[in-house]
Structure formats: C-alpha cells, structure tokens
Amino acid sequence: MPTTMDKQEIRTLIAGRVARELKDGDVVNLGIGLPTEVPKYLPVGVSVVLEAENGIVGAGPASITFSARYVVDAGGKPASAIPGGAFIDSATSFGLIRGGHIDATVLGALEVDAKGNLANWIIPGKMLPGMGGAMDLVVGAKKVIVAMEHTNKGRPKILAECTLPLTAVECVDLIITEMGVIEVTPDGLVLTEINPDFTIDEVREATVAELTIAEPLGSMV
Amino acid sequence: MPTTMDKQEIRTLIAGRVARELKDGDVVNLGIGLPTEVPKYLPVGVSVVLEAENGIVGAGPASITFSARYVVDAGGKPASAIPGGAFIDSATSFGLIRGGHIDATVLGALEVDAKGNLANWIIPGKMLPGMGGAMDLVVGAKKVIVAMEHTNKGRPKILAECTLPLTAVECVDLIITEMGVIEVTPDGLVLTEINPDFTIDEVREATVAELTIAEPLGSMV
Amino acid sequence: MARDKMLDLEDAVAKIEDGMTVMIGGFMGCGNAHVLIDALLEAGTTDLTLICNDGAVPGFGVGKLVEQHRLRKLIASHVGLNPEVGRQMNAEELEVELVPQGTFAERIRSGGTGLGGVLTPTGIGTIVAEGKQVVEVDGREFLLEKPLRADVALLSGYKVDPFGNIWYRGDTRTFQPVMAMAADVVIAEADMIVPLGSIPPEDVHTPGILVDHIVKGGDW
Amino acid sequence: MARDKMLDLEDAVAKIEDGMTVMIGGFMGCGNAHVLIDALLEAGTTDLTLICNDGAVPGFGVGKLVEQHRLRKLIASHVGLNPEVGRQMNAEELEVELVPQGTFAERIRSGGTGLGGVLTPTGIGTIVAEGKQVVEVDGREFLLEKPLRADVALLSGYKVDPFGNIWYRGDTRTFQPVMAMAADVVIAEADMIVPLGSIPPEDVHTPGILVDHIVKGGDW
C-alpha cells in the first residue's frame, strides 16, 4: 500500500535498490540528497569508489584527518579522501566525467521522459540553482541512474516528453522509484521490476509515459 | 672581416647578443644548439627562468641531485630543476607555451622571410626531424628570436619569401646573426644593429629580403 | 629566480579596479581566497564581473561579494546555495551567466592556454546551446564554447614559496590551476609561506611563473 | 579500494595484440615504459601503431620497437634523433604522422576527456593544416585537430600504489597523465610499489581508477 511508506522508507527503498545496480570496483558519482544514501546499502563484497566532481577520487565521510576548511564534497559538506584517494583539479575531474571514466552517476530529476531525456536543473521563473556538474555527468557517465520519488505529490514526473528545459537529451539509462525500476530502451520505457505494494495499473496511473511491462516482471524488493 | 670569425666566435657573438634581449625574470624557452649557450652571457643582475617544453619550469644543468634516468631537457640531455623549479606534464607545458606565458623563445632557422615567416623543421626529401615543439613555441611565445648564422655556407637564409614548408606564419620578431640584428616590422625587415666587421653592403649582399637600415644604425658588439 | 613577490594586502587588492573581471577559485566557499575577498570588500571595489564556480553561501567567501552588491555580473555553474544571488537576479541587480561546470573549467583552461575554445558534447540539445556554434566532428555534434579570461585571478594556496609556486591542500585546488593561467594579473594568498625549494618540483601544483603577487593568508 | 592490480609482465603484455594502437609516454626515451617495452619485444608483438612523442634514440626505449620493425605506423612530433625512423619511412616500411608537440598532447587529452577535438592556432598556414577543418572564433582562425585514442597505454611510474595511483619522478610525467585517460587498457610499470595511502592524495599525478594493471618495473 503506497500510503504506508513514509519519506524515509521511500528513500531507503530507492537507495537500497540503486545500491544493487552498482558493481564492485565501480567509480560512482552521487548527486546530492537521496543518492548520497546509496553507499549505506551496498551488498557485502561490493565496494565502490566515490568521485566528487569538485575534485575527490575516493571520497569519504568527514574525518578528523581532513580539515573541513580544505576538504568538502560536491554538496559543500565536510568530506575526506579514503586511503588511496586523490585530490584533483576541476578540469581533470570533468575530464574523468566527460571522458567516460565514471561507471555510474546517480541523481534526482524534476522530469524524465520516454526517450530518456532529463530535466533536473531549472524551473523557469521559479528555481534557478544552475546545472552545476549535472550536464557533464549525464553526458559522460557510462550509466545514468535517476533515483527519485515516482511523482511530485501525485503529479507524474515520468512523462511522454519533458516540459522543463533539459539537462541533456537521451541520457538516462535507468529510473528507480519507490514504485519500481524502469529501463530506458530504444523502444521506450520498460518496467522491469515492481514494488509488490503497487499494482501495474497503479504504476501506469502515476506515469504519463507509456510503459511496457517486462516478462517476467521482477520484484524490486 | 667576416673570414676572421670561426664557428665558435660566431656562436659566442650571436648568443651574447641574444642574451642582451632578455630581461630579468623573463621565462625563456631555448631551442637546441646555439640558443642553449645564451644563459652563459646574461648580464650581471639578469636572471631568467628556463622552460623546457618536456616539462621543466626552471630548468638547470645536469646535477647529481637529479638522476638522468628521470630528468632530461628538451634535447634529451641530462638536466635538473633549480630550487623553486617545477616539473609539469606536457599538456600543461604546452598550455604555458601556447597561452603566452613564455616571454621569449630563441631558436634556429633554415629560412626566415620579410614577413617574419619561419621555416625550421623540414627539408622535403632530405630532412624530416619533425616540428617537435617549435610550431607551438613560435605561435605562443611573446617574443620569437631567431638566432642563426646569416647564411648557410654563403647561401642566404633571410629571404623575400620562404621556399621551405613553414613552421608558422608571421611569427618572428627578431633575427640575430653574426652580421647584425634585424627587426621584423609591418613594413618589412629593419637592420637595427650591425657587426662593425661588416659593411651595410655586405649584409645586404648576404640577405635576399629587402633591408631598411635604421637611423641611427647601432653596433651589435 | 628567488625574486620576492610578497605584497601588502592593501597594495594587492589595489590592483583590482571597479568594473574589472575577477576569477576566484574554490567550491561553495571552500578554497575561496578569503583574506583577499575581505580586503577587496574593505577597499570598496565594486561593479565587478566575478568568474567563480558558484555563489558560495550567504556570509561566506564570494557570498560576501554578492551580499554587499559588489558584482555586476556572475559567471558560475551553480548559485542555488546562496539565495541572495537569485534575489538580485530577479531584481535585475545582478546578471548571471550559468555554465555547466565542466565547460566552465575548460573555457577557463582555453583562455589560459591559447586555444580557440572547447568542443564539448555537454549542453547539446539544451538551452545552453542557444546562440552557440555547433561543430560536427566525424558525424557527432559538439558545442563550441568560447574561452574565458579575467583581469585578475585571486588564488588561495596552502603552501606558497617566494617565487609563487603553489601547493593546494585538500580539494581546494578546483579551478585554481586553470585560473592561474587565464588572468592578466594573478594574486595568491598563502596559508603558509614556505622556503624556496621546499615544495618538491614534482608536487608544485601551480608554477610560480604564473603568480605575480603573494599575500599572507590563512587568517580568516 | 585496495584491490590488487598486480600482473605478471608476460600476462600484461599479452593484452597487446598484433595490429593494436599503443600509447607510450616519455620524451627521447626518458620516461618510456622500458620494462614493458622489453617484454613486448620478447612477446613478438608486431604491426603496432605507436603513439609516442618521438622515436627516442637507437637502442633505447621505443627506439627498440622501431629497430625491430614492430611498428606499422608512428604518430609523433619529432623523429630526428632516431635515424632508423627516417630510413624505414623512406623505404616505405613505416608510416609516420608528424604532429606538433602541443597539439599531440591536446589531441590525446581530447581523446581521454570526451572533447570533440582541439581548436589550436598552431599549424595554421603550414602543411600541418592540409585537409583539416579550420574554425573561426571571433575573427581568428583555429585548426580543428581530432582526438587520439589507443587500445593500450603503457605508463612508467616511479611510485605506484596497489590501487594504481601514480607519482612520476622528475620530468618523466610528460604525456603520461593524458595517455592514462585515452586508452581502453592502461598498464603501468612501477619503479617502486608503495603501500596504499603513502602517496599524499594531493600529490597523486594519475588517479588509480585509470590504471587497470600494474607490473614491477625499474629493472632495465
């Protein structure tokens, strides 16, 4: 039942499912917010290298070894480099990103559409945070995973066509929400896994884009 | 009298005159051969920072502190970094060069012409060493000084128009030979200083390009 | 080579005139040239164009320049953490040009290394591409993004020697190495002034030939 | 993160197949991956396209690959110190593509960082520009030079940790950091294998995520 999940349960569910997309040794860039919770849910035996686009390869949590005056993550929060980590300049960092050296990026979205177009950086007239590193990340990362709530307070975010200014065209590979897992394919969106708390009809109702249902349809939990 | 100068006297004269073109603190890239002798003749109180395009800012002579296995100059010879010097990668080195951060480059030429066009990297069918860093250096350095013997065994090298494939167009600022100092101006070549061992007519005879004679004409020695 | 580039703080910021374009490195305030920013505020300099990755946060780093209305224009990739940027922008007190962060780094790098610009896939098919030249290379489209340069760059180094060689601590390095190449005058504040030769030549992050002036930093 | 990337020398060079494109860093032999080159000669691999700044000198570094006729093509900026390159070229045994050294570095950097190419003033008005696209930016002409990539890059590091982080000694760094980004497989020989964490994060010259395999080097 959808209404039984609170915000934190939704985040836990999504972050946990994203974690299972990552392979041992992957180099991963995590957007701010929900995506930063992903590492908590990595399966045993899987460790990933976190890249922070402001210049950390092998980013770690705040630590007394690293002064917050000199080390922050891509959200501006105190951070560290793990043993074997590296601090690099921004041109090199985005060289890694644009050059396909990041295995996966996980980030939120305002809208995603049937072609994998993504909008996540501006609501004209309302919100203009700027694109930061998002445009480069979704163009350059080998796999782009959108991790978000399925709707914005009931308003669908997965559309036939994005209405907001795009972050990039045809860049999203996978959409993971509290309702299920959706793959972006050349033939459109395919629901590959569902949260058993929902019916296919409920997912379709919350999604404007047409959804093909995978056979067999897996469970996301 | 020209014939009284041997090869080493010519080199000494030219290198000595080039040295007086350099200002204290200049960052200078020296081509192989004659240009490498320039630092010996720097006036008292003038010190320059040598850049070697393979990655030394503040290059110095071979030294026991630096293993030849790990440090060579742009001629492939054992070298060092002076205290305060830096080793940089090639993309950064040529970023410095192309970006106008080198005050002067001194290099030899096969041919130079009235427009300041330079040919110094290939004689088709005979010699193909490659351009190495020369094309970038003459495009990027703030001042391009050609230091060379005035003729190739009597055959003029300063031409109305280069006949060999160019290194770059309109890049040379100053030509320094054993006969004199020639400035490249929008109106052509101007002999600004002469070696008193030669007459103006002798210089003109050894030069195909038209020469304007500066008033007053200085002495290069 | 050991020429001393040390300058008093007031003399250093006096190099920056009203209306100039200034680059400041760092990310969300971390790695900003805090001591130089405070001196610049003190000097009253205004009408600046600031090239900085972001607007930092209110009351911190370049965020102070925004708050005290010293900027005419801000070229950045992200301004969401400083609401004052949005407010001034909506009030038409501040012009903001948003640039994708990787493009931002490369545009500055182009400006400092004599390239004609950047050919990037980033921004293709978005409003970032509006009015810009698209160049096709082997059947794929790239956006031509033009070089960025500034009159002055303000850097923040952890170790700086008297020749201006800089070693950046942590991830304060960010855009600073490319900015050091892309400004007519480069001023570095030094958390620590270290003796010439004490930074191993392999570990110099910004060569001293790029730095014109050094001021004592660290006190903020 | 501490996954061990160590590989036997023979297994490492077995990654390189006849006909592949290989990048090797260094300058006039200094900084070449000498141990890997010797193993590659031993393995008999041939018909290679080599992307290296120069042909080194006879009997040294990549010069050995030339001498032993392992190359089909050489992409370099300078070949004058190895007469064997010119001889094979004139005999039409070896194809040579000459690239200005700064353009050489940037083409590799483009290949590794997802850019569409380089817009450089270098080569304009020379035979280097022949057949290439010229792009005008604000009234000035720039040559569009295309990205370079390789199947394998062979690097030579002084200190390398088990994750593949590299610290280059002296000026052996050269083209190695950009090559590390521009090849499908990156193999580094290490003069010294050092413990994870012993290279300060600020002084890592090539991040370990770019390095696939490490072999013990130093012995040449």
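Each chain carries a letter (A, B, C and D) given by its place in the written order, and its residues are counted from 1.
Following the convention adopted for this analysis, contacts are C-beta pairs under 8 Å (C-beta built on N, C-alpha and C of every residue); 3 or more make two chains touch, one makes a residue touch a chain.
Being a predicted model, the structure only gives us computed values, none of them experimental.
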Topological distance between chain A and chain B, in contact steps: 2
Longest centre-to-centre distance from chain B, chain (CA-based): A
What is the distance in Å between the mean C-alpha positions of chain B and chain D? 29
In whole angstrom, how far does the Cα centroid of chain A sit from the Cα centroid of chain D? 35
Return the residues of chain C touching two or more other chains; collapse runs of consecutive numbers into ranges. 106, 109, 114-115, 120-121, 168-170, 173, 202, 205
Using the touch definition from the top, which residues of chain A touch two or more other chains? 56, 87-88, 94, 97-98, 139-140
Just spell out which pairs of chains touch, all of them. A-C, A-D, B-C, B-D, C-D
Would you mind writing out the residues of chain C in touch with chain B in their complex? 1-3, 109, 112-115, 161-163, 165, 181-182, 196-197, 201-202, 204, 207-210
Using the touch definition from the top, list the residues of chain C that touch chain A in their complex. 27-31, 53-54, 57, 76-81, 86, 89, 96, 98, 100-106, 108-109, 120-128, 158, 168-178, 205
Going by the contact rule at the top, pick out the chain A residues touching chain D in the complex. 25, 27, 47, 49, 51, 56-58, 81-88, 94-101, 139-140
Chain C contacts chain D in the complex at 106, 110, 114-121, 133, 135, 137-138, 140, 142, 144, 146, 167-170, 173, 202-203, 205
Could you please specify the touching residues of chain A with respect to chain C in the complex? 52-56, 66-72, 74-76, 79, 87-91, 93-94, 97-98, 127-136, 139-140, 165-169
